[in-house]
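The two complexes that follow have chain A in common; it is paired with chain B in the first and with chain C in the second.
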Partner chain A sequence: MQTDLFTFFNPSEPCAEQGGPLQGKSFTIQPNMSVCDWPTEAGSPALKKFVAIEDATVIERLKKAGAYLVGSTCMSELGFGLAGDTTGKVIAGGLSDMALMMDMMGEVRIAAARERVFGFKPTNGIISRFGLIGLVPSMECFGVLAKDPTLIAAAMGVMTGQDERDFSMDETEPPSFDLTDSEKLSIRTMGIIRECVDVLEDTVMSKFKTDLEKLKTWGFSIKELSLPDFDLFRTIHQCIGSVEASSSCGKYDGVRYGHRCHQAKNWNDMYLKSRAESFGTLIKSYLFQGAYFQFQNYDAFENAGRIRARLAGDIHQLFAECDVLTFPTGNGHTADPKTSNQVSDIYDELALTLPANVLGIPAVQIPAFSADGEIDPGLQLMGPRFSDARLLATACRLSRSVEGGR
Partner chain B sequence: MTFQGRSECGRLGLSDCGSDVFLAGWVDALRDHGDLLFIHLRDRSGIIQVVFSPDHASPTLCQTAADLRNEFCLLLRGRVQKRAEGTENPNLETGLVEVMATALTILGKSDPLPFTVSEKAMVTGATVSSADTVTEELRLQYRYLDLRRPSMQDYLIKRHRIVKTVRDFLDERGFIEIETPMLTKSTPEGARDYLVPSRVHPGHFYALPQSPQLFKQLLMVSGYEKYFQVVRCFRDEDLRPNRQPEFTQLDLEASFIDEEFIYELMEALICRMFVIGGIDLFRPFPRMTYAEAMDTMGSDRPDTRFGLRFIEATDIFQNTSYGIFKQILDRGGCIKGINIKGRSEQLSKNVLQNEYAKEIVPSFGAKGMTWMRVIDGTLESNIVQFFSPEEQKAILNRFGAQNGDVIIMIADASYEVVTTVLGQLRLHLAERLDLVPRSTFSPLWITDFPLFTATEEGVTSSHHPFTAPDRTDFDPTDREALLYLRSRAYDIVVNGEELGGGSIRINDRNVQNKIFRALGLTDNDVEEKFGFFLRALDFGAPPHGGIALGMDRVCSMILQASSIREVIAFPKNRSAYCPLTGAPSFVAMDQLQELGLFDVKENDIIQGMDQNLDTVDALSWVSRIGIEESERSLIADAVDEAVRLAEIIGAKAGADDPLFTNINAVNRMRTKGDPLPSNHAKKGAIFKNAPAVKGNFFKVAAVLEF
Partner chain C sequence: MEYEAVIGLEIHVELNCATKMFCDCPNSAGADPNTNTCPICLWFPGAIPRFSEEALEKAALTAMGLNCIIQERSAFDQKVYYYPDLPKGYQLSQAHLPLARNGWLDITAENGETKRLRIHKIHMEEDVAKLVHEIEGRTPISLVDFNRAGVPLVEIVTEPDMRSPHDAMEFIRVLRTQIRYIGTAECSMEAGTMRVDANISLRPKGSELLNTKVEVKNMNSIRHLGDAIAYEINRQTASLHAGDPIVLHTRLWDPEKSITVAMRGKFEGPCIPDPSVPHIVVTEDWKKKIQARLPEMPGAKAERFCRQYGLNREESLMVSGERELSEYFEAVVKQKVSPRTAVHWIFSQLAPALKEHEQRFNDTAVNPERFAGLLILLENNEINAKVVRKVIDLLFESDQTPADIIDQQGFRQVSDVDQIEAMIRDILAANPSAVNDYKSGVEKALGFLMGRAMQALKGKGNPQIIREILIRKLDA
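Up next, the complex of A and B:
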């Protein structure tokens, strides 16, 4: 095993429940997901030496379904961006059948696109987040990477469903992940957003156009739509996300867990110093942005919520004209993990994936449309809330088409 | 509307029955019985029950009354009548009568209250939820409501009585009150000053007084002979639980006097003040030297309400073979102990060894503790086998030990460690074993303080450099000899709390110069700091001395309040912040510039950046995240970016209702049963990841700096 891809290997032998739907399948997690007695540092000094004291609900459910937990991959600090993340490599390298990853602005889809595998972000609120160390509660959820989209659907089927330990779940009955009824799940019209396409970089644009041509030849109709406020997704994600991060990082006080600076002369000093040492510069910059909105310009946070409401309405109208929206997954930017310590670099890279997080809608990244070329930004489908199974069914169909077409 | 002829609610009684009265006040509580409405009307004097009944009041009046809520401010008229038998309220002083309302004006409506103001039940036996149970922060935020509570009014009214007593008494004794400036120069108390920038003299500052020390001495030079002042003083110190950044002091000074004058005056005054709290003190107050207080109780403000005095045991172990004691004594150390009479049941081996020896005593600063329990006339302990029979017998004799006693000894190479640790232990044990008698007040004068305290290089004044030494023939260069000098200072201590202190001052310029030389101050230092004052000593300064009492503390002790904040109308909280007004607060940049705190010309170019640095620091503080200097520019850029984003968002906001979540979640309540502690809490798993734990608690740094 490649140890530089993992922070922890499961010390126990595979001895899974027999006969579950995921019998014999392996999966990995990130170190911000709780497995009893495993180190769970979430990539941050803020949780240095933290050891989880119980299993997350999803871990319990996957284990019960027969899946074997391989280990814990490497992740960016608190899951913000992809610096140092190894989830995609673990799947591409065949070290695990599936990988769980937190998606707060598209990390799952981008990690999958980089390694040319499938990545899926479900509708927010259908999977229990109990045991997940999150950062931006209104926009993040568990996502799954795999080479085989049917496996993603099977894992989703196991993980979804009410959990009394997570009080933030959607009341609506979660969608079925049974992909057998292909007729019901089929889609015909894919929408593209003009304001998004117009500003794509040349290489990404030409790749995307080729993809659209292929889709047409397979019988999908492509419909050009307009969303003038498209560029605001990114702006309000940054505002809302930073405020939520600033708020949820309040718990890292170095009292109940995490890092404590012991050279503090009083309580306030203890917080200031411990928290100074708990966060890297990148996440700290993000937290300061959140603190600015929270403490000095709360109107901006509320106004971001107004724009979010408007965008939700706009997208709802677009879905009346098409079954799914399609975008490239990546947009040609890659934040260099070594030099990038600016929040805007992260947002540059994830600009096309984050709308799904702002609106809590499902999205799937489909690889290999561009297998012939050097550049593969990946192809992304976003559907309305609870259209998860449709997206995955389409992903399966497209993956078969791609393989068949080769 | 006229308020003439108003009666006081709290003074109505049976003799008023049948008369029409005119009342104003607040709705303390109300009780609606359908067609009958009862309210408690409260003014400063007390509470009276008012009844709105269709028999006495018009239908319009009853309708108006139906809208009444707690703390509405009212004006009403009515007839006093004796309450029906069996409906008297013994909770109220006016509980035998009630007022049948005939007219009502609502003077001011009240919003719903953040906490209960009422302290009196409307019916016998009912309990009233007290505002004492809400957080002090909330009480301070709505201090004007908190101060409506009768118990708080009682505190402030009694405080007024105490201060008035002081003024009357000192006036009788020939003292006159003279005001001294608030905008002044740094004084020699040695705490941090609150500084006030001068607009007229840019870059120059006044200091708010830490005490009127030098001014009152100047008034003695000016021949006023007996001065006093009830004065506000300011110290910018890290707060301790019972301290305020500004506090009120009774400051007095007199000429041609000695210590006995001060003792007599203050004892008479303090006795009179305590009478207001119904407390009789006995005179004369006992006196104790600083040395004796340290030697027998380990504190310069000992609590003398209980015993547990230290017993010297060094000589018992002069020839001991017990290794630890031997080593300590070889290094010139000492051994002292206390005998806790008859408490061996509460102080089990387990408590003594695992709590005191392992946890508590080390936290006081000693390396260890020796304990012995007296059982059947012999000593029982984990180390008693190391003591010879003679030593054991000597211990029993010296400590007057009897069965059931517990003896605790501290041995250390340092006398200070032994006395201060035993001193803290003495207080800890007294508290734990409930040895402190309630409602007992034990005043005590502490005298003969050391004039100087040793520092690494030399010496520093224990009080301030104008305190007279007990002798004047000392050599200011002989450090050892200086440390033996006593001062003519005195503290008044009650129940282990220092209520005040003072001294006889130096009035001889030569002695004063020797003190400065001992302190290692150069002529320049002295001139700059105290030049104006020292010159005054050259013009026939009389012998004089004085004292200052902390009035907040004195009042809170006399009124037995839970903290000094209870006897201050508008106090700051424990972090020197006023939740009511929000002080201290940011000020505008141009205000700072006007005061010359920013040199505009020099900083014109980077002015924007300056402001930005301020924002970063402000955000760092509110989110309690420190930053390294190396991170500052990146974080400042990020905050700039946030400001730009906010502008875009503001321009595009629109009018939709904000959407904070996409999830159709509902409030979920536990369906039944009591709240249960998590299993992780029960098993202690929640402590597994804690950086520091003490017993069953997460350990944190001290809330306040000590």
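Up next, the complex of A and C:
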């Protein structure tokens, strides 16, 4: 079991010191997160035999709060897509209380939805990225999967806050993750985006409608809103994401670490061969797309940046009319890890989660609206920046309602 | 057809910050290879660049000293290219939103008039690693030293306002003086802490066209910069006369052969906004604080020296040319030494002596107080010029006051008129032929007799008094 689900299984003793908010809770990481002396290959030969030399800030903080590490799960190459990822299974199987996972286009939420657990992506910039071997810096962040949303909130409370090793963080004071003030954190109105609903697969659509009916019976009002440019989220993510990924992967040259080809005519040949041998087909396609925008079509990239800013404005306006937006988490597409070697497969699967990454806003995936055996694409809530605690408080409330209704 | 050259410069200047631009590694040359490194400047996975405030302050101070306007918002971009000296595939530089724009420097043109040359922009960037190619031996190898990777630089891009090698060389001289004044960089082309690339194009004289330019690199002195530009102007002129079009490309200056050689097509990699380094937003208050750290610049200082100390233009330019020197000069004058005496002795004796002793104006044992003490003795006729030279040497060897030295050495000059008169009487009596020569109009004879008198007084006689008495007696 462990060999299937973990790249490195090394459970430490639960911390003896008492009183930390996460005392006795176990957690896993992905191999793109730095733990001192742990293999950190990020699912790619580009980082073959790379061993981290210090702990990521979040890991340091979680340990300090009393949580203990179990191991490092399996992940897709450099975290692009979910091929081979085992994080959801580790949580569903009870092998760990919570799991850290990188969310750059919704991986945390989709992995959680597949296994019917909770998955949370916080506001970008409230958690230090130091020690995260990322791919798309402006869109990715640490996310958490767990069966218990209160545990996610507790972990967030520990992980957030300024870190002098990550100057790219938001300077605003991070939100409190104290969920006891339920009045302040309650929400009434959930918005749905018409242009999103229109493109849902039939099975997902009918499930979503059932979910909305349930939400209404639990006292939420549902408001239909319009965002004509909704379909641009995906395009924008792909354009900007591929460019940032291309830049981020520039450092994998096989010189200082990672795989280096055996024979080469000169340095240029060495770089080309090492990189060609290191990257898999899927990530290569993505990097090529990024290089295309960088070298051949910079205007498109600039436009993407402008549209991204406009979409942020549009969403801001929608949040004036509702507390949160709601979507299904998955949309019925599942990229088959064995055959999905096209970038578009990944984008199909994560089309409904990636808007939160484009905008840097928080989102939570909520399971268990469905009876066993039913298809469950999961339900997703997205809120404005810094509404993290409200989303988690709502997740807790819904989880209680679901259990109460059973 | 007659052509005129249009020249613009791109100048990289290494800032003398304590640390690198995005990490805490020391920014110091001369360390063992790859010792000034860390996960950030080696671009290990998981590291995040941490922009140094000192780099920003020094870059802004430099830009202000070059009369630029600091932009309220600036940002770093990734200049993408793949080369072994750049371990992450892009260089952090400011392409779209530079730190500063619209500066200028005044130079003296060939016709002697002041010419204002404009600076288009100044931006910050990180230096790349240094490649060491070892081509001797069986297998040639290339080594990478990351000590320089991440060292803070500013790049100064001028407008194409220069028309001759002279303009370009003068611009670099003035720029170097200004920046050394500001104290933010060493600016040595020889040591590579200042690197100058020239963009050169030709156009029919009188036209306002901007034609295809050629970039020339690898000049490691101001003279080579001038030579390379002159060579390139001739080469392009010959091409145009022969009917060959000028192609955009980069050429390398070969200092051995004094020619430029085609290197590659000019490569402009893409510049992508960097998602990890936050935008830099500066406030008016911050700018004022930095501005307050700017010293009086050499142009203004030279003018003040003319006005305040009665120096002529040439003298004041010389004295204000280096900040340490100008401050030394003012400290000497403050001790009540006449400014022109100070200028004369600083340049004729002290500067060469400092060079010989490998000391600098701001840290020499011959501090302004001691040096002024010596010059005051001279101005009070207590010693003569010859003695001044000797005492300067002695000042380097002990920490005695100039007065103590001259007393100890018996250098105090003889100004006793009676003593000198008696001595001159003897000399005139002993050299009748020289006296006759003088009387028949041979000027040289006076010099001979002066020499004899100085000798008799062991070099301590007051030459002015000797001369007066000698002439009085000879003319009697």
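Definition applied: the second predicted complex is superposed on the first by the 396 of 406 C-alpha atoms of A that agree within 3 Å, B and C clash if a C-alpha of one lies under 4 Å from a C-alpha of the other, contacts with A are read in each partner's own complex, and residues count from 1 in each chain.
As a convention for this text, a residue touches a chain if its C-beta (ideal position, glycine included) is under 8 Å from a C-beta of that chain, and two chains touch if they have at least 3 such contacts.
As the structure is a prediction and not an experimental result, all values here were calculated from the model.
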Could you check whether chain B and chain C clash or fit when both are placed on chain A? clash
For A:E183, using the defined touch cut-off, is the partner it touches chain B, chain C, both, or neither? Pick first, second, both or neither. neither
First (chain B), second (chain C), both or neither: which does A:Q342 touch? first
Would you sort A:A56 into first (chain B), second (chain C), both or neither based on which partner it touches? second
Pick one for A:K284: touches chain B only (first), chain C only (second), both, or neither. first
Identify the partner contact of A:A309: answer first if only chain B is touched, second if only chain C is, both if each is, neither if none is. first
Output check: A:C239 vs chain B and chain C. Expected answer is one of first, second, both, neither. What do you get? first
Partner contacting more residues of chain A (chain B vs chain C): B
May I ask you to decide whether A:F130 touches chain B, chain C, both, or neither, giving the answer as first, second, both or neither? second
Classify the contacts of A:D198 with the two partner chains as first (chain B alone), second (chain C alone), both, or neither. neither
Considering only touches as defined above, state whether A:Y271 meets chain B (first), chain C (second), both or neither. both
Among the options 204-212, 222-230 or 438-446, identify the stretch of chain C whose C-alpha atoms clash with chain B after superposing on A. 222-230
Can you give me the overlap between the chain B contact set and the chain C contact set on chain A? 50, 53-54, 138, 167-168, 250, 255-257, 267, 271, 295, 305
Quick one: which bits of chain A touch chain B in the complex? Just the residue numbers, please. 49-51, 53-54, 124-125, 138, 167-172, 229, 232, 235-236, 238-239, 242, 246, 250, 254-260, 262, 264-273, 275-277, 279, 281, 284-289, 291-293, 295-297, 299-300, 302-310, 312-313, 341-344, 359-361, 385
Residue ranges of chain B in contact with chain A within the complex: 238, 575, 615-616, 618-628, 631, 634-635, 637-639, 641-643, 645-646, 648-650, 652-666, 668, 680, 685-686, 688-692, 698, 700-705
As the complex stands, chain A meets chain C at residues 32, 34, 40, 42, 47, 50, 52-54, 56, 129-133, 136-138, 164-168, 243-244, 247, 249-251, 253, 255-257, 267, 271, 294-295, 298, 301, 305
Can you check the complex and tell me which residues of chain C touch chain A? 39, 42-51, 78, 80, 82, 84, 87-90, 142, 144, 269-270, 272-273, 275-278
